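Each chain gets a letter, A, B, C and D, in the order it is written, and its residues are counted from 1.
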Amino acid sequence: MTTAANRRTSVNERGVEYLTPDPDAFRAYAREHKQRRLISKLMTERDAIAAFVEDGDYLVYDCNYLQRGPASLIREIIRQRKKDLWVGAKFTYVALALLVQAGCASRADVGYFGSRGPVFSRAAKEGRLQFYEYSNAGMTLRLRAGAQGASFIQNRSLGGTDGFRHSGACVIDDPFTGSPTVVLPALYPDVAIIHVQEADVYGNARVFGTGIAHAETALAAKKVILSTERLVETEEIRANPGLTSIPWLAVDAVVLAPFGAYPGSCQGFYASDAEHTAEVFAAMTKDQLGEYLERWVYSVEDNSQMLERRVGETKLLELRNREVIREGYPS
Amino acid sequence: MTAATTFNEREAEVCYVARLIEDGRTYWVAGGGGPMYAVLLAQRIGYAPNAQYITEDGAIAPEPMLPFDPIQTMVSSRAGYRALQWGTMNVAQDYAALGLIDYGILNTLQVDTHGNINSTFLGEYPDSGRRFGGPGGADSIAAMAWRTILMTDQQRRKFVSRVDFISSPGFLDGTEGAREAAGLPAGTGPWRVVTPAAMYDYTQDRRLRLIAVSVWTTVDDVLKECEHHPVIADQVATLDPPSDEELTIYRTELDVRGQTSDRGSWITWNGEKYEQMEDGA
Amino acid sequence: MTTAANRRTSVNERGVEYLTPDPDAFRAYAREHKQRRLISKLMTERDAIAAFVEDGDYLVYDCNYLQRGPASLIREIIRQRKKDLWVGAKFTYVALALLVQAGCASRADVGYFGSRGPVFSRAAKEGRLQFYEYSNAGMTLRLRAGAQGASFIQNRSLGGTDGFRHSGACVIDDPFTGSPTVVLPALYPDVAIIHVQEADVYGNARVFGTGIAHAETALAAKKVILSTERLVETEEIRANPGLTSIPWLAVDAVVLAPFGAYPGSCQGFYASDAEHTAEVFAAMTKDQLGEYLERWVYSVEDNSQMLERRVGETKLLELRNREVIREGYPS
Amino acid sequence: MTAATTFNEREAEVCYVARLIEDGRTYWVAGGGGPMYAVLLAQRIGYAPNAQYITEDGAIAPEPMLPFDPIQTMVSSRAGYRALQWGTMNVAQDYAALGLIDYGILNTLQVDTHGNINSTFLGEYPDSGRRFGGPGGADSIAAMAWRTILMTDQQRRKFVSRVDFISSPGFLDGTEGAREAAGLPAGTGPWRVVTPAAMYDYTQDRRLRLIAVSVWTTVDDVLKECEHHPVIADQVATLDPPSDEELTIYRTELDVRGQTSDRGSWITWNGEKYEQMEDGA
């Protein structure tokens, strides 16, 4: 089941390294590895991360640790002590800090990450962390290009900034208008982790509410792990195909993960844990992420044990009850 | 409108921006906090009942349920409540790329005389200095919204001649056409910078210009908090302090937890004039 | 209300003319003309076509005359005898024939059109019709590029064909991989007509079921006319924002048009009229489109009179009853 | 399986393609008709119960409700029924661009020795000859699906050395790497051509090769209906006629109105051999 996704990189004339945007390589991978059959991909978080996240992978998570993100899968990556991940660090407050503290991440394409505390400067100083500069929407455009089978995509932004100089982007003459235009390299991550509200066992998944780039991420990534609040029958998927955000074709693993976005919120299911949010930010600021990880990751076996031992039923019920908005979400 | 007698300088800043909000226009607000509150205040108090905003996560013209939990200003049910459309980050940026978004409102770390914005690095990138989080959505907003309103603090280290790192584009090197030559959409750019103490626009030749100061401060005091010397308008106006009406809506409907006034100094009317208290007092 | 959308064209080195893909020109137009306010855009089909379709416009319709297309708006364009339209002729069986027969269309970017009968060769011979060659999905990619504010987009197709030689596409070296790659010019149509199942008076619209490129078309076009089966309250839109396919920002006119897709089907609302389908195909084959237009367009004042006098309540009820599938459509 | 004794040659063609359908693979079928019926037949008879298909309008793995009204093979509730996802044309093409679609199945007007497909113009483009409707979805399918199956008629004017107009790409000029040089995805291309009378594959050097003929015809008769001389396989197989089982499903569940057999000639078993009747008889 493990697959060498073969991270290949290029270096541009400014000396910036970036993941090579090779549509034909993705196609060849997809031909061989993406499962066309409707077979169950249901597995534990442990098995999914063990099978599909390899040291050295380029990792993208959709949303983040505090907002309908794959928080339980991020913790499992840390628990399994994956190494040398290159992280698509867009729209993220604490996940990159956790991954760097844990020694999992060594590179980051930056959109935005929460930068409190000493963890980043320490890692950078010790040569354990390299940054490349993009923007949030630049990163989702790169994923869009990947999801469309392209190698590049125009961006009306990024041009003229210092971020541009430290990115894989380049300026070309528009073949039709002749004007200078910025193009970004498509991003085909090795592995993506995405938290959804509903999925069937094959990986047909539904996302409700606003989002970052779940569909693009699922399509562009070579290996895709979904965690889902709730399993639904495929009959239910077929009864309303307009709700399907991600097709089974893109998906390698489905992990049933109620409260998988905890401590974050999950629209229509539960609110975020504000106390925990404060705790993790404080841990960043006070250089106590080691303790944080010990308590919330290493000392528990999996997400369900964490919820049981560290959060408790009363709190979980409270978080469910605090999600009062039902309109537009699954009943 | 009745001038308020006690308020936080950051509350004043939000009110200043709220008064800039143009009715019937579209706004892309960065993150939550000040930018979003400014539009909501303008809607609710009636300055701009038909202004609409979008967020980075594709909440299109929401009517949010307040207050938000910490950080939950995007990708949450309350933030996206009663939107006209739920999209994604790419949807939000498409609307801006198409010229459908009139204004962007940003918060930032550092701004320079040409309106360039730094939210990446203070010092010499990449090794010598302090790392920050990066542009987030600000780069896209500053590039593609027609006009950009920047909210920041009036501090020397924030108003500099040249930012240490251009995370999001202002007028770049300030030459005519510099943005277009870099591939950015024509006719866009910085429009206002608002701090608790002052307001700036840009001259014809794309340089930051001081146009107004808060009632409790002076041009000289503001200039002390600029590393470079901005152009000064012929007439520097005085910004009306927040009104009771503004603050009532702001405090009871919007920032009900007082997060805005967690930091920043308080201003009070001592019977003769407005006085600035110690920071955090 | 009328606006000079200013069709501008380019000619490439193969002598092929194509609509100039100018994002900044679109932006300038959108800044001035796209209504940000929530004001009612409800109007009659006559007023909408009179206000927003101008002689010489580049016209795109989504879907087609027989499949959830804006059939009533196409008929109104013909009724108003618009001239010199350049048609984005993708995925279409009879609409182009009707527009050419009526003297409305003088150019077509071809994806696919039903080519039976003499109408096309006659018009081409008389110099009244010029074709340019793309493909269905090439045309929807061009609209996608437009909808993203781009000027070009990669296409892994079209290369090497004779269609390519007669299109506005070109081959460039991929700036990242160096490989030759086909890029299509973005399409910013002057005017788009789109039939949707539900919309509010501002133009927030919902499309159910599969489709061609409704969202892309609405965003890429300078002027957008929606016809809708049903008006819904904006409160209903706000109660389920995940269903919104097209935002009010893109829309200039909303026409309430029950059976607006007739003789085509409209998923969830009614089946197609198979007899009428046969009639219009026969008219193409037998060179009787003039008679067809007289009966179904010129001799009636509007769509509702056509439905009343030419179709009749019994037939309409039958078509409604023949749409038996409810799953996934509005209740 | 029992060999049927009376059937239309076009029914036979669909059965031939149905037998090519590989289980657990994805198909992009052009339009409705033959290509879609071939996959549905393979699913229902059990040749390939886990084959899935998509259509140009983004019906992803539907379980359609049959029969369809004329033309309503896409963008209709019956055609998209019980899909796993409803997308659009761009969604369908994205999946193919990503290499997720194993096979494309097309109908066409004219094919040449390198598998190039013409559905645009017979004669000298643009002025001298007959105009047809253009590639539709076929160009995208032929470019991006890994393997292409083409369904057409066995007629001299359809099997030509060089098509009058390449609407959809085969191996182009037949040279190695011609597709890649034109920007098409690597490793793709024509795979089979199926007619009521014969089946073809392609040689290593990308030339059409006759590999099988229908039981009621001969290699010579087939070659008479080719303008050019295709390569002929060392062993030309005989294609089994449709079985009763195939035809029962086809006629009772799929093409219940007999649209397939509206045209084309009928074949009957006369007790000794299969005989082809006059066209349309």
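Going forward, contacts are C-beta pairs under 8 Å (C-beta built on N, C-alpha and C of every residue); 3 or more make two chains touch, one makes a residue touch a chain.
These figures come from a predicted structure and were not determined experimentally.
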Please identify which chain has its centre, taken as the mean of its CA atoms, farthest from the centre of chain B.
-> D
Selected interface, A-B versus B-C, where C-beta contact pairs are more numerous | A-B
Distance in whole angstrom between the CA centres of chain B and chain D is 60
Calculate how many whole Å lie between the centre of chain B and the centre of chain C, each centre taken as the average of the chain's C-alpha atoms.
-> 41
Between chain A and chain B, what is the gap in Å from one C-alpha centre to the other?
-> 29
Rounded Å distance, chain A centre to chain C centre (Cα mean) = 37
What are the residues of chain A that contact at least two other chains?
-> 23, 148-150, 156, 179, 181, 209, 238-239, 241-242, 327-328
Flagged in chain D as touching 2+ other chains are 80, 82-83, 86, 97, 144, 185
Take each protein chain as a node, join two nodes whenever their chains touch, and name the resulting shape: line, ring, star, complete or other.
-> other
Throw together a list of every chain pair that touches.
-> A-B, A-C, A-D, B-C, C-D
Can you check the complex and tell me which residues of chain A touch chain C?
-> 10, 20-23, 148-154, 156, 168, 170, 172, 174-177, 179, 181, 183, 185-186, 208-209, 238-242, 327-328
Chain B contact footprint on chain A (complex, rising order) | 63, 66-68, 89, 91, 93, 110-115, 120-121, 124, 131, 133-138, 140-141, 144, 155-164, 166, 171, 179-182, 209-216, 265, 267-268, 271-272, 274, 277-278, 323, 325, 327-329
Given the complex with chain A, which residues does chain D contribute to the contact?
-> 24-26, 50, 52, 60, 62-63, 80, 82-86, 94-100, 102, 144, 146, 185-187
What does chain B use to touch chain A in their complex?
-> 55-59, 65, 69-72, 74-83, 86-90, 92-93, 97, 120, 125-127, 130-140, 143-144, 165-169, 172, 178-185
Residue positions on chain C within touch of chain B in the complex are 23-24, 26-31, 34, 36-38, 147-150, 204, 219, 234, 237-239, 241-242, 244, 247-250
